[in-house]
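In the two assemblies presented below, subunit A is common to both, partnered first by subunit B and then by subunit C.
Showing the complex of A and B:
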């Protein structure tokens, strides 16, 4: 494997020339006020701000390319920004530089009903896309919880509550327009359902967290709205029973569209925060079934059987959209509900993903670790695909408390890796999991580094993230 | 001729029977499924162990000898075509299924294992491996990964890239890497996807963990006849637009069905201009409901007759025709040239009528079989290489089909890979910038270009030689068409 010898970060020039050029060229669409830079200095995870020097709002691919060319010439870092919902500090401008905010590139460019695909600009959010798809009979299923942009979701290879049925962004991005490190727009993948021409740049860029190219447009797969959608809630006496129910369901290949686990702590938080009525603060599974009317009924019946065998309660049912929305809204607000458990605390969210057969062990050991440390850390998860999240609440004024939280997160990563899983199922590596990446992939990290060098030799694309550049 | 020093060092790390250099021994390796191209390699090595693969690669790396990895040699694009100065690294001895985990639903296999052998071994657990290229009795899983192989069921279950969890691979300098993981997701760059479909240009795969699926409770296939090719093409779009993702959605035109009937007697309607095979699988109730919906859409799209398989025997009979299409066409023509383009589904009627017109223009018959649900065409151009000028006409005809595939927003290869066959068309499909990105990636893995040289990704100089380099977007014939 070849590795670069020179430190790519060296030789960076003064950023002020770039800022001046952007202010001149983009006027009010280039902003240097402290408030705006502050707003772009962090995502929704740990609030360790790192401010960019300037935030620019391009309107098309050419403008993005021109901005990157400017940064390339001056060796100034460039960071793509959607709506800042990422949890691993992907958007923090660790070395300053230029943040490209995609707020003004938010058009759905085309919807091809017959081919079940669409093309969007990177700044389109998933809720906006689904609103615009109304009336076509189609929908875009990937749902990471937050109303993230499609560009951000592609960059972090988001998955979410539906992944067990519809896959993650890896399976659903068909092609991309990407601006490379030297400011050249390239097109990857395309409208064809399959291609074996050339290397799979699409999947290489998906999940590369802005470090290999700036995504400006995305071609997405869409799905027909199912004839019938029903949702059910089932509560369990303990966490292990709930997780084992999920494992059994996956073993039987029940094609559940979503299975979400909320532990008792999270359920308690959701009942209070989202005013859920009729539920207890017990480990809970939310299910959603998609299909024909006969199909969803059959799936649900099987699911209820399995749950009962594991001590689950009778299903609380709903096929009414309003009721269903309320449930999923509560699930989507889980992060904020968790924060509300301890006013004045900050949250540190981490996630892991393990083979489904190891899910119970991993979740229960993680839970025991949290209890040993005396922390408050609700567990939620898209458990159908073996992915769960831990929201660690800590007192920002107490460094020891934060250290305890980080310790639990590190051990959670290590545990998942030891079980053949991964340190992140969907949040990504960002800055917090660089060590875990090495632990997980060993020598393959050298290959990742070589690819980073090959596509971004001067290391201007989101530097300091995703792949550790030195041993 | 192999350099004597290299020969000696290879002999030192391999058992005598695993190193072939005599012309009569290396001749069987001179081509793969694309017999139009042949080249005798300097040597063939057949390692038994990963350690031997490492040794061979290290030696070749040091001596700058090209290495072409080979599985079962069924590639249709020349992916395993040897290099005259190089070594063919055959993985034929890597044919063990190492483990099957019914709980995790995965199998760990060596690259030389045949595709179908995985499903056969998994059957004991009620599981199977979904991607099913037509050559699945013969082709190896390592080759499937290298080419990102598809098959008739990939519409619903995905390509190889969707069905592989983890790979062990050896880099050109002998370093072993593991890519992907046992969980559904894996952190960092998606190297697993990058290696999949890289046609042996980035690494040599030595172990593969594949995803297994439970056999569906029930599967039924509808055989629908159409009196018009374009109507059948439009019916494909109508099925998908109705929100149905069939387990398989295949189309064959009349020349293809007639060839097949003579060969395997699959009970196809011979008077039909085209037939569609539409499969539904799942639990009984769902299959029944979906089949009703499929029949409704097909009828509305103008199907003249629809038969649904009554039992497993009939289902397999209906499929036997499709699976035997290539050999069946091989019986009726001395030579055929298989094209592998993919287009957005809605362009299907337009492309089909163009192929029909060109068939008349070139005076060459063309049998169409294809994975219609994916928009993946396999026109088989029938010709006789012994008739002066027919080969050239077949190639010209094929080039025009591929040109049209690109024009309507498709790609020059859906599943067979680029190999040597489509290097030229790669220059048309991709711009200089995209090709440059490919070459940068190749450089990161294999800066000396030793792994499978001259395949898959043309150098910019090669494109210039072909006279097909797109210098900048302004020179495109149809600048408004989205390309990639």
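Showing the complex of A and C:
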């Protein structure tokens, strides 16, 4: 089969020519200062910087297309950048080149209240969209924890706490405007619910991490704000009981919007950080129900019954907004609470997804590994989906410590794959999980490589990410 | 045993690719009418049948492509679960593989997801004769490109589907259907309004001057919604919805020279009379138009669908001279050709089924 070569440096033509052309054409909207290039050299998580040669801020589809055409002609890499909250080195400019920052493409173009959809530019952030939807009675539910851009969320196929009820970006992106590798703008999907004619290009581009096309506009599904929201919290003697509670709830089709699990290490961190009272450092489930006032109350009560059958205790629920925020405070502050466990340490997050019946085992084995290595790594799970995140705290000044953390992450991927799951349910492949992708998908990676070659024959779109170009 | 079947298919496809001899993939033949006719040596998927793994607590089922849809549904029903996209059978013998390849979903689709939303993983043989696995059996997987979804609805032109993992859902505890007499534009307006409310809708269908609305969920929620909506109860609603799903309803009986068009549009698209009769599903987003072939003008239907964010397919009948599927924009067509090339460079798999040449 044909495999693209990974852009031997000799294949690259004149980067400086492209930089000059961009400076001339975009003036102050093309930036080459070290500070700005550094800011675009990494995402969240492990901060191994790889600087682009220039960062450019286009304002519309035509400008994006023109930039990509320029790069295509010169065989110069193009990296799309939202706000850089991705966790697997997705935005690092491994081979230099041009980073397209979508900060100035941040307009909500259309809200169609009757059709329950909207069209936005790629740089609109999740919180901005919901702020602009105020008063329409609609909202956009996908919440990956960070205030990411819709373009970045589509590109990473993000999900988050609400996925049990509302799905992920995969189910909620109806159509895209994409600039292809040669700078041609195309439309995929549409306003109709049913996928478009032909192949499902929308879903191929969603989750492609900027390697198959640059997303400039997104048509998104919206939802009516629920009449009532109730939140609940419950503690468990062990992880197994918590997971069995979740399985029972899913079997009964209780329409939970969110179910989050915090393990005892994370709860301990939260109790200290958020000064919580009335909680013990035990595995804890956080629930949220969306629906009618009668419905959500009924669901919370049913949930309480199921939880108590599985040894749950300290069940508390409420529908008042302020009380809800209080109940969920521990979950919302989990990341910062984790960081506060080890001042001076850095965190890097990894995630995995397994069949839900294997979740408790996978988490416990991972915990045992963490303890064996003498590390600290709180665990948070989107349990409804069998997905969990491990926040590995390591000392950035100690290379051995970082290596230990990376070893745990690698083994966590392998463990999830061996249990019939995946090395990532949310964060994606980026650079860090290229090996795990091969482990998980085997020969299928060759086809992914062929797809990359088909859509980006000269490998200029975010090179070095998502799919390894060599065996 | 089954592995030997797949190995045999891989060898056959390699052989066909070497001879540049096209292969026509068939399952139960229930959707053979859909798309352009394919010539080639037949590869019958029905020899590769059976449920590989079904864990009701996981809400996931994995089955071989040749498994009859009916068998799969029976196995799920025994655990009070279902395929939430309510797949159309259209005829006896429909297989799982054909259902996923066709990418068609039934009445419950707008409320519980399309087939592609419920496909978690897929195994396929590509045009090189390699057996490959994409996705998996878990609810979320963002490892690499989403090839499972790309395969769904590709009509076998990118690979022979050998196995599929699907998310299933518990069957609703209660279900009821309410009926309203009203004109078509009124029906479309009503269902759109209801879609914005927290009602347990699970299907809508407007036909013969009557709007049928199905509600599914917990008994109290269904009863409360039925009271709120009003209308009359429909007796024997299951038979009705099955007839809509499988095109066994009278509406779908074509007279000689008649064709059936399928228009996928945004749900609020206005009702338009196309010199044919119409059946409207999916809260307004799916419009079936039946009529005499010259009167139902392809260009007009396509222009309407496109202007309302969708597309039009000549679903049954006609000669397909104007193409069966909605024409693609040139740049999009180029991407389609590149993808076909990536999966099946010799173009052995279901050549010409969707568009000329692939």
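Everything below uses one rule, namely that the second predicted complex is superposed on the first by the 442 of 471 C-alpha atoms of A that agree within 3 Å, B and C clash if a C-alpha of one lies under 4 Å from a C-alpha of the other, contacts with A are read in each partner's own complex, and residues count from 1 in each chain.
Simple rule for what comes next: a residue touches a chain if its C-beta (ideal position, glycine included) is under 8 Å from a C-beta of that chain, and two chains touch if they have at least 3 such contacts.
Everything quoted here is computed from the prediction, not taken from an experiment.
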Q. Do subunit B and subunit C fit side by side on subunit A after the overlay, or clash?
A. clash
Q: Examine A:143 and indicate which partner it touches, taking first as subunit B and second as subunit C; both and neither are also allowed.
A: neither
(Q) Taking the superposition on A as described, I'd like to know which of subunit B and subunit C A:425 touches: first, second, both or neither. (A) both
Q: Have a look at where A:268 lands relative to subunit B and subunit C in the superposition and call it first, second, both or neither.
A: neither
Q: Would you check which partner chain A:156 touches, where first means subunit B only, second means subunit C only, and both and neither mean what they say?
A: second
Q.
Counting contacts the way the document defines them, which residues of subunit A are shared by the two interfaces, the one with subunit B and the one with subunit C?
A. 1, 112-117, 137, 157, 159, 163, 167-168, 170-171, 175, 180, 184-188, 190-201, 203-204, 206-208, 212, 224, 226-227, 251, 253, 291-292, 294-295, 298, 353-357, 385-387, 420-426, 428-429, 433, 436-437, 440-448, 450-451, 453-455, 466-467
(Q) Going by the contact rule set out above, which residues of subunit A touch subunit C in the complex? (A) 1, 112-117, 137, 156-157, 159, 163, 167-168, 170-171, 175, 180, 184-188, 190-201, 203-204, 206-208, 212, 224, 226-227, 247, 250-253, 291-292, 294-295, 298, 353-357, 382, 384-387, 420-429, 433, 436-437, 440-448, 450-455, 466-467
Q: Within their complex, state which residues of subunit B touch subunit A.
A: 101, 103-104, 147-148, 150, 154-155, 158-159, 161-162, 171, 173, 175-179, 181-191, 193-194, 196-198, 202, 213-214, 237, 240-244, 282-283, 285-286, 289-290, 342-346, 373-376, 409-418, 422, 426, 429-431, 433-434, 437-438, 440-445, 447, 456-457, 482-484
Q. Inside the complex, what are the residues of subunit A that reach subunit B?
A. 1-2, 112-117, 119, 137, 157, 159, 163, 167-168, 170-171, 175, 180, 184-201, 203-204, 206-208, 212, 223-227, 251, 253, 255, 291-292, 294-295, 298, 353-357, 385-387, 416, 420-426, 428-429, 433, 436-437, 440-448, 450-451, 453-455, 466-467
Q. Which bits of subunit C are touching subunit A when the two form their complex?
A. 55-60, 103, 105, 109-110, 113-114, 116-117, 126, 128, 130, 132-134, 136-147, 149-150, 152-154, 158, 169-170, 172-173, 192, 195-198, 218, 220-221, 224, 264-268, 282, 285-286, 305, 308-311, 313, 325-329, 331-332, 335-336, 338-339, 341-343, 354-355
